[in-house]
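Read from first to last, the chains carry the letters A, B, C and D; within each, the first residue is number 1.
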Amino acid sequence: MSAHPSTLYSETVLAHNRAPKNCGSLVDATHHGVAENAMCGDHLKLSFRVHGNVIAAAMFDGDSCAITTASASMLTEALRGASPARIAELREEMLMMFRAGPLARDDFAAFADLCHHPARQRCALLPFDAAIAALQTKE
Amino acid sequence: MSRIDDIDAIRAEFPQLARIIHGKPLVYFDNANTAQKPHAVIAAVSGYFSEHNGNVARAVHTLGEEATSLYEGARDKLMRFVGARSREEIVLTRGTTESINLVAYSFLRPTLKPGDEILVSRMEHHSNIVPWQLVAAETGAIVVPAPITDRGELDVDGMIALMNSRTRLVGLTHVSNALGTINPIKTIIDAAAARAIPTLIDGSQAAPHFKIDVAALNCDFYVLTGHKLFAPTGTGALIAKRAHLDAMPPFMGGGEMIRRVSFEGTSFNDPPHKFEPGTPNIAGFIGLGAAIDWLDAVGMDAIAARETHLRDVMLSALHEIPGLRLIGAARERAAVFSFVVDGAHAHDIATLLDQEGVAVRSGHHCTHPTMQFFGLPATVRASLSFYNTEAEIAAFVAALAKVRRMLA
Amino acid sequence: MSRIDDIDAIRAEFPQLARIIHGKPLVYFDNANTAQKPHAVIAAVSGYFSEHNGNVARAVHTLGEEATSLYEGARDKLMRFVGARSREEIVLTRGTTESINLVAYSFLRPTLKPGDEILVSRMEHHSNIVPWQLVAAETGAIVVPAPITDRGELDVDGMIALMNSRTRLVGLTHVSNALGTINPIKTIIDAAAARAIPTLIDGSQAAPHFKIDVAALNCDFYVLTGHKLFAPTGTGALIAKRAHLDAMPPFMGGGEMIRRVSFEGTSFNDPPHKFEPGTPNIAGFIGLGAAIDWLDAVGMDAIAARETHLRDVMLSALHEIPGLRLIGAARERAAVFSFVVDGAHAHDIATLLDQEGVAVRSGHHCTHPTMQFFGLPATVRASLSFYNTEAEIAAFVAALAKVRRMLA
Amino acid sequence: MSAHPSTLYSETVLAHNRAPKNCGSLVDATHHGVAENAMCGDHLKLSFRVHGNVIAAAMFDGDSCAITTASASMLTEALRGASPARIAELREEMLMMFRAGPLARDDFAAFADLCHHPARQRCALLPFDAAIAALQTKE
């Protein structure tokens, strides 16, 4: 609640925003998903290719804020080589972090300060929601 | 020892209770009308205005986030306070009246057909009658009154006998604001559920007095109003089963209840926000959150125990006053007493008691059908809260005697 | 010399303006979202709770009478503040959103027919679109958008050309919350009146900034919200011609809106009470009364003059920022500015400005159709009030430059 | 607004309440009216007999509070010998007194304190409203 200096726009987040990983459209994608942030109208597309039970590649697309872009960049990195079930786990870990602070081992610790910015949590979750939508809408 | 045992300390937390009225210390026996507010509530409200004032759900700046987390925090507190299953079940409204209108307009009206019945008891507050009448008038449905007894108790078998395949909803007050009767709501909820009839319980007069557990009650809708719960007026809640809220169309449009608007078509937000149009009473709900914290700290069980004691003391005192007739003699009752006095009109008694510092309500208490049942235009109502004292009961009795001498 | 010339003294009356956010003095440029409250308002609210807390219209005791006279006093003050003809014309609501829903449900819905049209501009707040859509969806009526221009001005001829014999109501915002545009409402009201079409003006963003005279405007309905007028949230008004209020059926049922209730039939109170169901936000309206007294003392003309000056300073400052694009360039405008910045997302700007102590809003401002018209998902909006200063404008400009460097 | 000691239940009012004038039903009445106080459910009937343009007699009936009873008692007294137009004048004077305090010459000065009891003003006005209703509903 106190108006402490925020660490939300860390160098990690800003760097991902400046040069996001896996930005563009994925050829041979097996799954496509879209999610929308009602608060600002941002749309984010996320696609991935599953081989066996493993995500071989993931990419995202959309004109989003720095938080969404950095989150999408990190998520698409984290998904490579993971099983599709990992998406929901990662989302759950993110939600836990919003409530309880950074987890011991967490790829997304850069977003820990979102616990102080509830209105922006949706921005970081958007790529996860697009990925979950992608799981459902197989092409 | 519970905090409530030091009643002077408790009373000192309510600035209003120290007021002098017409030269006499205030005896506030109008708690069923609206309750006094502890310092903690007043401070939460002014603290919000002076420190965190911002709008909710709309801004990403610090003030907006602070306001949102205080406001949404109140929803969480209320959820725990009434034993609801999830925060999505808690729609924040202006009060009981709006909560019931919301159910009438959004839950019932879209599917009400001529001949459908809405069953309510004859001891309901107007707020649990008129909203149903409005949607019934529009659709050809009927509002059916369930009988009460001369003691002012619900005729339970009579109400159950009126449940039938046309009954679309059963509405019942948990505690009668006019008579003090505590209704056996669980019996009615179960009987209705056995017939797949949804139930709405008006908890306005119950929540301030004892622990509520909506999940255990298993009613479809439970409504309450903040100002009787030591919070500001203009706050309240509709606590509803999630499945109903998902299925119900929105009531009022605008503000944060939408997802996306265009002239081609508009989509709506999820519950509870779907039912919260426009900027809400932020300070009021922050006050409600503070009131719940305060009540939790004192303990609803301690409050209930003290009120049971005050009720018994008051009941004996009233029984000893000649020419005073208690209206309603329910075996399960709260510390709310309606009465009439031979040769003295209710309004005269109330105005003259006020001259003695005693605040009671006179009139029909927004329960015309109950008054008609007892053949009375009006009663005097004395309603107590845990912060009242035996000394105040004695002062009330003395004041009433003086008033009667004046009017004789 | 007007009181407003001593701006430090004025600012000192707003405790919130002294707040430090992230180590920086707060620059509050989110006034179109909600305004800060002067001491006088905060004190009126807590004074009511600690001294006069009672319910309105229901009790004859001192506290009840004090609360009622404070609450009804607010109605009288509002009546004078907006130049209404009588206090019966002032329905106290939760805010603009509820006021418009009330008109949609009680004035339009009972007689809307398939093919009927409700004409609103494309720059309305969702609250002046969605309530009409809800009643239109139910009745087969249509909500027709009137065009706006690339400058973000109303296409006056375009709107008038859309008025026809099927038009049942014209709704128009006095000042656009997204663009700052001040609309020529009198021209539209007169054009509609000439065709016997009732008008509703959304004054949410107008009333805080300049003098309103509803009698001279001669619109059928004028709506406003208290929290933008330096009063608590959860307060507002529908100001309506008496003849409409007399003819309209009630909206929500319960509480003081009735005259007599029975299961055989219920009769309703007169306006404005007919439209005020349940216990209102008493503290909030007492705060609104105090806010109006405060505004009267400072003077709406002095406020308007100062805001015009701040608007011009801000406009020049914004024009000088490279890569910043103002959305809307109305010739008549309030000190409300929407903009986008090359290479920086609105939300990032707002969050990072907040790190510098500057509170602005980012998003769609509850005006999706306006955003769609300009082809934008979101903008940053800086909205000023009389208590803002040129130094704050300079601080905002410097903070914005810093934020852009961070995001580059 | 201040909680000053009230003079509402003055000896005058209490005496009228104890032994009201003109209470009962009037034979040969030419006009009958009823008014109701929504706040307490009180009904008041008032009848009078007009000869020429003068009220020859007026009586009231009903089970009311002391304020209504005293007001009805005084009003029926005041009306005897007056013209029917006097009813509206007297009502207007009462309303002025509620706003501005007791008038210089006023039969109803006993009700001056009602300016501090807005919720009870309706009680004192009830007989006037019954009289006005009577003017309209001639038998």
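One rule holds for everything that comes next: contacts are C-beta pairs under 8 Å (C-beta built on N, C-alpha and C of every residue); 3 or more make two chains touch, one makes a residue touch a chain.
Being a predicted model, the structure only gives us computed values, none of them experimental.
**Student:** By mean C-alpha position, what chain is farthest away from chain C?
**Tutor:** Ranked by distance of C-alpha centres from chain C, the top chain is D.
**Student:** Rounded to the nearest whole Å, what is the centre-to-centre distance of chain A and chain C, using the mean of the C-alpha atoms as each centre?
**Tutor:** The mean C-alpha positions of chain A and chain C differ by 37 Å.
**Student:** Could you state the distance in Å from the CA-based centre of chain C to that of chain D?
**Tutor:** Chain centres of chain C and chain D, defined by C-alpha means, are spaced 45 Å apart.
**Student:** Going by the touch rule set out above, which residues of chain C reach two or more other chains?
**Tutor:** In chain C, 19, 21-22, 59-60, 62, 64, 260, 347, 351, 354, 362-363, 368 touch at least two other chains.
**Student:** Counting only residues that touch at least two other chains, what does the list for chain D look like?
**Tutor:** As it turns out, chain D has residues touching two or more other chains at 3, 117, 120.
**Student:** Check the chains against each other and report every pair that touches.
**Tutor:** Between chains, contact exists in these pairs: A-B, A-C, B-C, B-D, C-D.
**Student:** What residues on chain B touch chain C, complex-wise?
**Tutor:** These residues of chain B touch chain C: 15-16, 19, 21-22, 26, 28, 30, 33-34, 36-37, 41-42, 45-46, 49-51, 53-55, 58-64, 94-98, 100-101, 104, 122, 125-134, 143-145, 225, 227, 232-234, 250, 252-258, 260-263, 266, 277-284, 347, 350-351, 353-354, 358-363, 366, 368-369, 372.
**Student:** Any idea which chain A residues touch chain B in the complex?
**Tutor:** Interface residues on chain A, with respect to chain B: 1, 3, 38, 116-120.
**Student:** For a test of understanding, state which residues of chain A touch chain C in their complex under the given definition.
**Tutor:** Touch list, chain A to chain C: 3-6, 8-9, 14, 17, 39-42, 63-67, 117, 120, 123.
**Student:** Tell me, which parts of chain B touch chain A in their complex?
**Tutor:** Going by the criterion above, the answer is residues 57, 59-60, 62, 64-66, 68-69, 72, 259-260, 269.
**Student:** Of all residues in chain C, which touch chain A in the complex?
**Tutor:** Interface residues on the chain C side: 19-23, 345-348, 351-352, 354-355, 362-364, 368, 371, 376-378, 406-407.
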